[in-house]
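Can you read through this structure? Questions will come right after.
Naming follows writing order (A, B and C), and every chain is counted from residue 1.
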Amino acid sequence: MRPVVIAGVGMIPFERTEEGGLVEMLATAGLNALVDAGVDDRPVDAVYLGNMASGLFNHQEAVASALVDSLALMPAAAERVENGPASGGSAIKNGFLAVASGFSDIVLVVGGEKMREVIGPKATDIVATMTHPMAEYVYGVTLPAQAGMFARLYMTKYGITRHHLAQVAIKNQNNGLLNPYAHIQMKITEEGILTHPQAHINNPVVADPLYLYDCCPVSDGAAAVLLTTPEIAKALKKPQVIIAGVGQATDTHALQEREDPTDLKAVTLAAKKAFEMAGAQPKDIDVAELHDAFTILEIAESEHAGFFKKGEGAQALDAGVTQIGGKLPINPSGGLKARGHPVGATGVAQIVELVWQLRGTAGKRQVKEAQTGFSLNFGGFGNNVLAFVVRREA
Amino acid sequence: MTGITAYKCNKCGLVMYPKHFRCLKCKGREFEEIEPAGDAKLLTYTVVDQLPWGMDERGRVLGIVEFANGVKATGLVKADDPKLGMKLKAEWGPVRVVGGEPAYGLTLIPKK
Amino acid sequence: MDMEVESYLRPPEIEKPPYPAKVVTLATGGKMVVRQVDRDAVPTLLRAIKPTVEIARDYYDVVGARLYAELIGWYRYRVRDEFCLVGQIDGLLVGIVNSRSYSPHTDISLHTLAIERGLRIGAHLFASKMEYSIEYLGRDEVLITAESPIGFRRWMIEYGLEKREGQHELGGATPYALTREMYFKNKARLVAGERPVPKEIMEIAEREIKIASERDIREKILGAAREIQ
């Protein structure tokens, strides 16, 4: 396989967009990546679009074809890659394979979703269509409900408290304040969301034991990366940030069928594969972007990916290890919690953040001397997970 | 009657619900259809206040149970004060309204 | 002014016990004072409402223009039995709600305008005017309608309101009602605030209703321009 360089990155701020449709959002992010890479005059061989549900959210299909048209990339190959909330990660994996295999030299990967076209409970329903239709969905099972059932067991087993979950929310919202692309720009306090006797009114139950501030917002957004060979990246005079490792693994569709429901097997396996391919270990990682769609997941994933022993993620969080400036900053971008989680965009946005960090251009949230980054994109409730190791080569 | 059908692998005995075309453990393709039997033990649960569009209620308890014969399933728990490990009795009842018609599923009632 | 004619034009007014001020702790940890204001405050409040009249997002224009008119109407004695509560953080106005009494049994909820967003300020203030109508004025029910999807979600869905026949005074969508029973059922979940307000916090609120600049108000509602790297 050929090495694959991320030569260009682009994003649009995540928010509730007022103007423009899904394709405009995707094209803006894509154009930003093309401009960043400086490939305006070179042909793009292929476009991979990560998007989960444009049909249900926006009543539009075949969006990848609309995107190449919008960006005048014809006759580039184009397709949409759908893998639930890991659609972005899957699109990157496909783009990676295209370049690594020698099939394509320049690939644009865009991830995006426009979820706020529908009211919150409808978005919840659309996302919930991922669950098993007869064994879960019919009961009103949602992604927060699955996370709630997981959280109850995980918290009980490892002594994690709502204080720990609040620390994740507070940290990531603080990081979001340093990220102009983050949807949520608000400092919260433990008093306001947890310890004040009336905090439950600000922070109501979503799916007990998870509350509003344990959940990511519903956002619109898009992000893009341009993948190419080291030779072309060199000619473009771009830093050599490579995708050093890719891992993917799946698990049972229905949560009830997992032998140990607190074991996120697909996370462990995807991370292991990505590390093996990169010839790296968790201790080599300088910065990580994890899939904190729910606060509990940041803690659980940090353990399953191998950064901390099972049951020690919460202590690491409490000790400040995962803060910007700590030994392993997690979600300096604000994560899904503050940056937002436009489902198809997330996996790509995570890689964009890592590239900014490894290039040293992450502004106020820059992790010092970051050379190697890790991202984890969690599809379904952990039934289809992607992990990436990216590295800045000298 | 619980109304749901689970599948026991003829080769290795693994009990599965919902249906798979191949056994999750040994890839066997022949199964015995079984009904969940015995008391259901509550393995985990959540109390949902933010339900999808069309479900105008709060405090809906959803849980995963394991029956005495090994079947594990998600269901609607009709308990005001759910507790991990509590024993429940399963019934087949309306769990949601879809297109104006009731949809049926597993309802779980605390055992007295 | 011809006071004889004026006396025909001025609606009579029901005596109302005052709404006791309270303080709500927000998710930020910030303290929002919720208190009743009288007619004298109206010219100040109008300065904050004015910029919203041109903001189409989330129907701020509809809510802002109607609230503006309702408050002027009240200020100039043309609306009957209106009342107005405001939310202030460190003196700064962050939201306004108003209603009016229709009978000793029924109040009509008019508008809810949140200037600061993302902190449930609108929800807290809406809950406060329900608290006033039901608990302090002793009404049996409050008639409600919504003009924006956000309002619809916050009032109709969160309180599980009952549909009513006929029309709401605002002449919009189907009216709904919050009954006394429904209010008390939801109170612990939705109605925040502590009394009495600590003296030093109350003094700041009463000293001056500070109004953000027009630009700041627009930014608070529409989101600040971002400095993209």
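In the analysis below, contacts are C-beta pairs under 8 Å (C-beta built on N, C-alpha and C of every residue); 3 or more make two chains touch, one makes a residue touch a chain.
All values reported here derive from a predicted model rather than from experimental measurement.
Ranked by the number of C-beta pairs in contact, the top chain pair here is A-B. Chain centre most remote from that of chain A: C (centre = mean of CA atoms). Our note on geometry: chain A versus chain C, Cα centroid distance of 39 Å, whole angstroms. The mean-CA centres of chain A and chain B are about 31 angstrom from one another, to the nearest whole unit.
With centres taken as mean Cα positions, chain C sits 46 Å from chain B. For chain A, the set of residues touching two or more other chains reads 119-121, 204.
Taken residue by residue, chain C touches two or more other chains at 157, whereas all remaining positions touch fewer.
The residues of chain B never reach two or more other chains; the list is empty.
Only residues 24-30, 57, 118-120, 124, 149, 152-153, 157, 189-194, 223-224, 226-229 of chain C touch chain A when the two sit together in their complex. Interface residues of chain A, counted against chain B in their complex, comprise 119-122, 124-125, 128, 132, 134-136, 138-142, 144-145, 148-153, 156, 204-210, 252, 254-257, 261. Every residue of chain A that touches chain C in the complex is listed here, in rising order: 13, 15, 18, 119-121, 180-181, 184-189, 191-193, 196, 198-204, 213, 356, 361-363. Chain B contributes residues 16-18, 24, 43-55, 60, 62-64, 72-76, 84, 95-96, 98, 103, 105-106 to its touches with chain A in the complex.
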